[in-house]
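Can you read through this structure? Questions will come right after.
A, B, C and D label the chains in the order they appear, each numbered from 1.
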Amino acid sequence: MADTILELKGLRKNFGALKATDDVSLTLKRGEIHALIGPNGAGKTTLMALVSGKLPPDAGQVLLEGRELTALSVARRAQAGLGRSFQVSSLVSEYSALRNVMLALQSRQGHSYRFLRPVMMDQALREGAREMLARVGLGARASVEAAVLSHGERRLLEIAVALALQPRCFLLDEPMAGLGSEGTKALVTFLQELKSEAPILLIEHDMDAVFRLADRISVLVYGRIIATGTAPEIRANPQVRAVYLGEETPA
Amino acid sequence: MDNQRKEWLLNAGVIIALFAVPLWALAVGEPFIITLATRIAILAIAAVGLNIALGLGGMVSFGHALYLGVGGYVAGIAAHHAFAGTTVMGLPGTNQMLPIWVIAMLLSGLVAGVVGALSLRTSGIFFIMITLAFAQMGFFFTLSWPAYGGEDGLPIFVRNQFPGLNTARPWDMFLLAYGVLVAALLVFAMLRAARFGAALMAIRQNPDRTAAVGISPFGIKLVAFVLSGMITGLAGAMMADLTRFVSPAMMAWTMSGELIVIIILGGVGRLFGPVVGAALLVGFEVFFGGLTEHWKLWLGLVLLAVVLFARGGLIGLIAGRERHG
Amino acid sequence: MSLALVLEQLLNGVQFGLMLFLMSAGLTLVFGVMGLINLAHGSLYMIGAFLCAALAAATGNFWLGLMAGIAGAAAAGALIEILVIRRLYARDHLDQVLATFALILILSEGVRMIFGPFPLYLNVPDMLRGSVDLGITRYSLYRLALIGFGVAVALGLWLLIAKTRLGIQIRAGESDREMIAALGVNIRWLYTVVFALGAALAGMAGALVGAIQSVQVGMGEPVLILAFVVIVIGGIGSIKGAMVGALLVGVIDTMGRFLLPRIAGLFLDTSQAMGVGAALASMLIYLLMALVLIFRPQGLFPAHG
Amino acid sequence: MKLKMTAIAALAASSIGAAQASEVTVGMITTLSGGGAGLGVDVRDGFQLALDMAGEHNIKLVVEDDAQRPELAVQIAERMIQSERADILTGIIWSNLAMAVVPSTVAQDIFYLSPNAGPSALAGANCHPNYFNVAWQNDMLHEGAGAYANELGYENTFIMAPNYPAGTDALAGFKRYYEGNLAGELFTQVGQTDYAAEIAQIRASGADSIFIFLPGGMGISFMRQYEQSGVDLPIVSAAFTFSQDILPAVGEAALGVFNASQWSPDLDNDANAAFVAAFQGAYGRLPSLYASQGFDTANLILSATAKADVQDRDAFREALREADFTSVRGDFAWAPNQHPIQRVYIREVVEVDGVITNRIVGVAFDEHRDVHGENCPM
């Protein structure tokens, strides 16, 4: 299926007796935003770690455009085209915004085992990075250290870094967290454009944003996906309502 | 004056002073001061090596004396066989510094590769301890292996040769050490500015992020560790020739500690941190050692004060925090 | 090679291991509870030995000296914790290594200033002089007493940690530092007490060993390195691990030095065999440590799950 | 660590200007801290005593502690030659330190006078006109112990020494004259403090006697542990393990041990009587053989400075070769390799007036010289 970019097949991960990820399968198709929601402790973080390669699964597969990624490290998966952002901003804090993006670009374009040419004199890298920063609206903040950027700016820088990887698909882990309503609105618009470039697997707490943005939604509870569908389908799903609204499901 | 300019001026001052003081000593006939300057330069080379792993890569190697010792023993063993006219594993000894340096760097790089490949699987205190354990293995191996002097060490009766120089003369030996130091600093500066340095420093600050942009931390760190070991190994070969003596003490854990101390006194990750630190340490020893036999007490207090209150070392104190642009 | 010889060497290994345990217990507690690498632990061992030797020489009573050694090391530990160590808990390992490296320089030189450059010699107490017949072999009574002492202290430590309020706090501190705050424990006080306890154990080891060896500046550092090997093998933070690690290191080191030259002697001539055997024997425990770290990076008995 | 003791002679020395105008700078590198400190302190004190007793002289003495570490000794030697401009180095206690320092020192046309260490390599093929050994070649006293072990009727001796040049020399020297069987042969680590494993092997070996060479703190630790072990075999040794620096710390455990020495505090000659009395007067303790060697070394230098200017190396060397001084050990003569030819006594450890010390009970060799001299081209 040429339309499926990312596919998870029967992923499992146990921590002792706890089934943190329990037979999760889902697909991410070209041009879509697939949101993953679930209450706290549902296993979203674990699933993200399995997809990005931070944790090895006990069973199951991760496929990107039909290519098996399961045995690859985080770095290899990133090279293969997984562009992830972190739930809590995770940047190279002493580097400027520009250098953070350049780091992603240097990995994308060639490799890091170059010992001679000063990286700051690499015009292609610099220009490329500036372009990415401009796209997320951080053009004026290029030379500011990541540690000094505001919270919202760091969220945007996360996106810019993911963009710089020119990935086959994005994995965005709560990109709206702590952005405020203005910032969220801007980002929603941005993501809607972005999905045509590469599909987005979105983990997000902000339900309004999710229901506005997502083409499909999967609901994760106790490590299992209990439902997948469009926004109206999910809204209507009694199991989901039970989990989120505390409504009793008819036995 | 902004900080970058201050650091630049400080660096220029240090490198000029390190040349001018022994030159003055040469003029007034004080060979011991030249020897001291040579020792500073060689210790600084060793610390430049460690600074790649520790300063740029954040790898707290508590066993860098191992590479110093490997380099030292390469020089000592080569000279020993050249002197006695015997062979080692079918190869003749040599009293030429250039081939000795090449072998010293290759061998210490190889050792660093093995140690790094195993140690880099761990992190934090475990990394500190496993690097220490490997260095202790080297220490005890040389201590009890009788062929090259064991505990007694191995004297180099005549300093190894360098084309065009008379290495027995303190000034010539100094020129050699100074030249290699400048080269080592250039290599360090180049590495740091290049893509490799960008990746390495990013890994130190945030390995997860660096992996997520597709740069594998293990490979980068291993290469850095090997380069680091090679430069420290080169310094070891030169130090052996300076003192005309190699002994297991070169691999003692206190030597590893001293190399870290040098970097901290100067400034971690700073280009000239090792030079400033080595000058401070040797200067401290000579100056306070002349005043009181308990100079190590004062060294301890100064070091404690630096760690507790002046994290950036002397360069940090003068030129502030480093900026990565 | 007789059974008697093997037995005696085994006892030597156990005695060595138990003294290493006294050193390692403090080190591992301090790391487990406070997350601190303390290189100056060997200096506390030295302080205990010097105080014991000085007081025993002055009063003629070993036991008074031992008390002084333990109490003095504990006091020195508490003082160091309050003045320096306290500022290092939040710092990274590099800072801890360096600051405690500086403490070694300060304490060693300080002791040298006070007691002079010569070794002191501490006499074995009269009631423990001489040797006893164990049936298969005779053995030094004092060394036997050290084994008994080591076992008793290990039991006492186990009781302290398993049964007392302080022990509960220590265990809480090891598993979750925030939890002990929630328990309403004064963390500063707890840290000082744990550090002093570790120092007391180190001082005790120094004083006990001082009576059969010599008491000199720098005596603590070789033991310190071995104690690090012990806790890395045993699992940092684990008292049980320290015990197993210490006995392993003590016995393997002693038996290695004894057996390896003999084994090498089967293949090589005597003088070569002694060299090769000794070289391998002295590397043996570091090899063990490297293997443990490679295959069980958290040690044999990891403290945190 | 740096004990700097600059003893400049009575002001007079330079101004009155004895026959030889130029000052002689003697750099003394010796062990003043750690387990081996007792030996270095005695060499230094003996040397200083000779200068003090000489009154007027033109010797400038600079003393530094090597902490028994070869790499430190090398650095100090470099500084003494380059910075202090020393003409003569002396003081090294340990053979491994001597091997590290002496060859490059004498090659720079500096004299080295050994007050203690006498490694075989420096007596044989690597002998040098600028190297004089005022004490003994390492093997000598051990050879005496070996010869005396035969006399005592020992047939199955366990022998043990630290693993460094003097240790190998010691065992070789003992075996050269000993005729019985060896119950076992062990090398220990230099500076080792725990001998439990070695004692176990001695116990299991079935030996009838022990020969040990464990100088300084090593000897003290071993003897104290040996006493507690329940092994009770007679010990024969060279003077080093039972010299006056060790005996007070070992105590009664040492009584009755036979040891070979070229010197003893009860040696009956005028120079020695004066030396022992003056040493006791100055330092309040009995001198050890190390003190006697330091004393002799200083007197040898003094005798040479009276005859030649140290800047004239050849003349000064000749003056040293004449050895025109009164040794506290009695007659003193050089073998061609510039090591002494001397009598080797056997001493027994005894208690005299509550002080544990040595007493001469016999002679092992009369005019003994070392075997390595044959390989010396001089």
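Everything below uses one rule, namely that a contact is a pair of C-beta atoms (placed from the backbone, for glycine too) under 8 Å apart; a residue touches a chain by one contact, two chains touch by 3 or more.
No experiment lies behind these values; they were computed from the predicted model shown.
Comparing mean CA positions across the assembly, the chain most remote from chain B is A.
Between C-D and B-C, more contacting C-beta pairs join the chains of B-C. Measuring from the average of all protein CA coordinates, the nearest chain centre is that of B.
Chain D has its Cα centroid 37 Å from the Cα centroid of chain C. Taking each chain's centre as the average of its CA atoms, chain B and chain C sit 32 Å apart. Chain centres here are Cα means. That of chain B falls 38 Å from that of chain D. Taking each chain's centre as the mean of its C-alpha atoms, chain A lies 43 Å from chain B.
For chain A, the set of residues that touch two or more other chains is empty.
With touch defined as above, residues shared between interfaces to two or more other chains in chain C number as follows: 112, 278. The set of chain D residues that touch two or more partner chains comprises 65, 163.
Two chains count as a pair here when they touch; such pairs are A-B, B-C, B-D, C-D. By the touch criterion stated above, chain D contacts chain C in their complex at residues 32-35, 37-38, 41, 65, 163, 185, 187, 193-194, 196-197, 200-201, 203-204, 217, 220-221, 224-225, 228-231, 249. Across the complex, chain C is touched by residues 54, 60, 62, 118-119, 121-122, 124-126, 128-130, 132-134, 136-137, 140-141, 143-147, 150, 253-254, 257, 260-261, 264, 268, 294, 296-297, 299-301, 303-304, 307-308, 311 of chain B. Across the complex, chain B meets chain A through its residues 190-191, 193-199, 201-202, 205-206, 208-217, 219-220, 223, 322-325.
By the touch criterion given at the top, residues 1-2, 4-5, 8-9, 12, 15-16, 112, 117-119, 121, 124, 129-132, 137-143, 212-214, 216-219, 254, 257-258, 270, 274, 278 of chain C touch chain D in their complex.
Chain contact summary for the complex, chain A toward chain B: residues 52, 54, 73-76, 78-79, 84, 86, 90-96, 99, 102-104, 106-108, 110-120, 122, 143, 145, 161, 164-165.
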